[in-house]
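Beneath this line is the structure, given in structure tokens, with notes to follow.
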Amino acid sequence: MSSHQISRYPVPQLADLPQDVRERILAVQEKAGFIPNVFITLAHRPAEFRAFFDYHDALLLKDSGLSKAEREMIIVATSAANQCHYCVIAHGAILRVYARNPLLADQVAVNYHKADLAPRQKAMLDFAVKVALNSRAIDDADFPRLREHGFSDEDIWDIGAIAALFALSNRMANLIDMRPNDAFYLLGRVPRS
Amino acid sequence: MSSHQISRYPVPQLADLPQDVRERILAVQEKAGFIPNVFITLAHRPAEFRAFFDYHDALLLKDSGLSKAEREMIIVATSAANQCHYCVIAHGAILRVYARNPLLADQVAVNYHKADLAPRQKAMLDFAVKVALNSRAIDDADFPRLREHGFSDEDIWDIGAIAALFALSNRMANLIDMRPNDAFYLLGRVPRS
Amino acid sequence: MSSHQISRYPVPQLADLPQDVRERILAVQEKAGFIPNVFITLAHRPAEFRAFFDYHDALLLKDSGLSKAEREMIIVATSAANQCHYCVIAHGAILRVYARNPLLADQVAVNYHKADLAPRQKAMLDFAVKVALNSRAIDDADFPRLREHGFSDEDIWDIGAIAALFALSNRMANLIDMRPNDAFYLLGRVPRS
Amino acid sequence: MSSHQISRYPVPQLADLPQDVRERILAVQEKAGFIPNVFITLAHRPAEFRAFFDYHDALLLKDSGLSKAEREMIIVATSAANQCHYCVIAHGAILRVYARNPLLADQVAVNYHKADLAPRQKAMLDFAVKVALNSRAIDDADFPRLREHGFSDEDIWDIGAIAALFALSNRMANLIDMRPNDAFYLLGRVPRS
Amino acid sequence: MSSHQISRYPVPQLADLPQDVRERILAVQEKAGFIPNVFITLAHRPAEFRAFFDYHDALLLKDSGLSKAEREMIIVATSAANQCHYCVIAHGAILRVYARNPLLADQVAVNYHKADLAPRQKAMLDFAVKVALNSRAIDDADFPRLREHGFSDEDIWDIGAIAALFALSNRMANLIDMRPNDAFYLLGRVPRS
Amino acid sequence: MSSHQISRYPVPQLADLPQDVRERILAVQEKAGFIPNVFITLAHRPAEFRAFFDYHDALLLKDSGLSKAEREMIIVATSAANQCHYCVIAHGAILRVYARNPLLADQVAVNYHKADLAPRQKAMLDFAVKVALNSRAIDDADFPRLREHGFSDEDIWDIGAIAALFALSNRMANLIDMRPNDAFYLLGRVPRS
């Protein structure tokens, strides 16, 4: 494991955390095999931790017209636009896993226009990046363009809301200089042993 | 009351909402005298509603080294940078009330550098706007600059986290074209009768 | 009255001004009930004062295909784009008065795309903001777009020339740190007593 | 003489102009040997013509701590920043004449940082371009920087006001697609015969 | 001849250069009547010198669907976008010579949209400037737009490759502060004696 | 091997290429184990191919005060700034190999400010990215800042020239939509078998 600092702020010990926060983290650890740094670093503020992961789960765990891989594409593309070190690396890994594609995350992070994506997915990312970088300019004309690709109005809310949540998340990661776990770099690139 | 549409998405009836959401809204109505549109429009998605207002309350209702007026300054300055119609008008009103100053919100919204603020508050807004617009460039040197003005590291987290939460909020408001209640425009400008 | 400095430069006494300048200022005072700071601060340079207000009157007092409220919309939208404290506050007040609408000025200042405006007025502001921020890109195709909304070529000159005059005015106000009179903040928000 | 159109708007005949406007133009023609297109094209609107040239003369003909060549440098540098075809070509010519330097105007137009200028003149242009492009950020700290180079506060007003006047002028020239006279291109490049 | 420094780096003596580099420079001198500073300043690094001028000759001396004047337009327009002092002045001169037009180079340098160019040439420059400033956004739709103006795919490679080579060249000139020879300023403006 | 198109332009067969170009490509293939797509796609134009790789070799194969890994950092950081799909993926792989560090390339590509780099290397990348994005602003003050970190003037030329060469390379890759070989994605991430 890397010995680099993972946050500008104090990183709590699991044992010192409120029980619900600790249990949430242990559940992730059991599933992932390690504790992603976003959990333990944001646990410095338990009330904000709970709200953040409630928001996250409300958007990313629910059923949606967007596949799980598509939701991760939104996160990677908008986090790259914000140059968020943690989110590009960590969600790039998750995207590789969900899409079962070892190339896609790097492509989306560098320039999603050149990525191996369907037109529907490029339209989705065009809108997500507009929400991320220029939300003041969203207007009625954006909606029929997305509906043409089969997105419902609720799907469009999902695209916008995920981009909005990671607008928050990218800023928090940049604020505390959150460092991704080394484990993310290789995840989804080679067959799991 | 204005007859304009207040959201691009369906606006729920209070009676149709889950009880906890409805009660949260009624409590605000009792205090403010009206239901701010952010409550009723975001209630279209109860799970996200709960997470959003939990996050909001975790940052804005707690004790902090930042006064309540200072927290609203952050919201108005960053929301103006994002040209968020709802947040500038609604939080401008709240800023006038908390600061007991009928001029300050308009000043902060147009150009906070020219506003009647203390140097500490301008340094706070410089950092908040950096989080809002250019979080990739946050670096260690930002922290001593803020500490010189008496901000603790926890205060700096508060500044950054409020800017981050409204990065989300501005994008959601722009996504759904959220319209501020007419009542906000005059609030805090004239003595309450 | 606020005790804040209203200009970085010396502010003349009415008695010390050339007679024509003093009379012009007194006439405004009689009509408005107070002397807007733009008059007394720019009077520091009488020759430029005369040219500025001659230009202003040539565009804003004459008959035009643009209503007086529309001309003020141009000023508020372009001054907001330039973050000019004086012009947004002062002309926001005048817009409220001419449009007999207490909400419109704040809407136009924050994000005119979300304001309660007719399509013709949004097209007008699109062009005005292009003149303000990106005049190098004005081309022949801009003209038929405006003519479709009923603007004559002379009306288009008016739109462009008002945006151009306030390009100058915003820069002068920012140069001298011109402060708006407190009286402007409430003007047009409540019925005149 | 080039047969290209010199304005998007009707160009008046000298004989049809009000006498004072016509005389002002004839006086320029006598001095320059030709009528610069800015005069005849802006004469389409006599009231604005008078105000514009009054403003122009108030800043450019008076005594100032800035030399005439320095004032033209400001015009060329800010007009290049705005990509104003007319102003760069016409005032570039005037700068060559006043500075008795056939290279300087092209240098200032392309990149004034690389031009053969004194440090005082680069500081002057740094401020002028800030007024032209980012006047919202002018602050108290700009003033001592300029005073160190020997500029008085009145000189600083001159720098800012010239940049502000050409903010207007560049936009008007771009609006009407004003074309510079062919004569300007060679002026000041070769000894006058 | 101007006594100004022509590079931040040591400028070699012709006699000290490798023979092939010296001969290449002497051949240019014989043709142009002087040694353009780009040759003698880049000769500081002979291996890079050879590669640069091989690249240059491969694009600019060969037969192409683009005329020699058109190729110089690309250089002037993109070098102006990068504010490259040397390239705008030197290639502006070459453009005047090839196009036999004393006005065109200044027009293209200030704002090519206003230059006396054919629609084909404006389309060519639109694409060249996109390559220069925003190559990440090049997409399939750019190609038919250019083909409509009669450009073959090989012509489009030429446009892009010239813009790409001067992306390099502009950066090298800015790096070493390369100064154009005084002789370029007047070249092509007056009949050659 | 991926079946995606690797260039917008025809891709030559090795057998059809001039002998020197073919041999150069075969030599790379022998060393790397595969033919990087930049070789075979740029071979569409043999004269430009030769100049490009001569330039490349002149900067990247020679002795320098910059290590080979440092030179690749420059390429990855500036190519990420230009969102060049090919260069970030291919040179990211080479950086991992030279630096013997499986994390560094992704860190530099996302946000080099957060990468595990020495202060000397961050100063080097600050300057390289300035050359890539804002070369017009390079000035004398940049040089002592780099010398403080032990860079000689020749090292600074190397930094600038590599950034300049990849300004060209990124634009060519974006022009022809050059696709990186799949092999690059995993190179340097896992021990070579």
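Should a chain be cited, it is by its letter among A, B, C, D, E and F, assigned in written order, with residues numbered from 1 in that chain.
What we mean here is this: a contact is a pair of C-beta atoms (placed from the backbone, for glycine too) under 8 Å apart; a residue touches a chain by one contact, two chains touch by 3 or more.
Fair warning: this is a prediction, and the values are worked out from it, not measured in the lab.
Novice: What is the graph distance from subunit B to subunit D, where chains are linked when they touch?
Specialist: Step count on the best path from subunit B to subunit D: 1.
Novice: Taking contact as defined at the start, I'd like the list of chains shared as neighbours by subunit A and subunit C.
Specialist: Shared contacts of subunit A and subunit C: B, E.
Novice: Same or different: at the subunit B/subunit C interface, is the fraction of residue numbers used by both copies above or below half?
Specialist: Homomeric contact, same residues on both sides for the most part.
Novice: When the contacting C-beta pairs are counted for C-E and for D-E, which pair yields the higher total?
Specialist: Looking at contacts between chains, D-E has the larger number.
Novice: Taking each chain's centre as the mean position of its Cα atoms, how many Å separate subunit B from subunit F?
Specialist: Distance between chain centres, rounded to whole Å: 45 Å.
Novice: When the C-alpha atoms of subunit C and subunit F are each averaged to a single point, how far apart are the two points in Å?
Specialist: That pair's centroid distance is 52 Å.
Novice: Could you tell me which residues belong to subunit D and also touch two or more other chains?
Specialist: Residues 83-84, 111, 136, 177.
Novice: Every pair of chains that touch: which are they?
Specialist: Chain-chain contacts present: A-B, A-C, A-E, A-F, B-C, B-D, B-F, C-D, C-E, D-E, D-F, E-F.
Novice: Going by the contact rule at the top, pick out the subunit B residues touching subunit F in the complex.
Specialist: 136-137, 139
Novice: Touching subunit A in the complex: which residues of subunit F?
Specialist: 2, 4, 80, 83-85, 88-89, 92, 102-103, 106-107, 109-111, 114, 116, 177, 179, 182, 185-186, 189-190
Novice: Report the residues of subunit B in contact with subunit A in the complex, numbered from low to high.
Specialist: Touching subunit A from subunit B are residues 8-9, 45, 47-48, 50-52, 54-55, 58-59, 62, 82-84, 131-132, 135-136, 138, 140, 143, 153, 157, 160-161, 163-165, 167-172, 174-177.
Novice: Can you check the complex and tell me which residues of subunit E touch subunit C?
Specialist: Within the complex, subunit E contacts subunit C at residues 111, 113.
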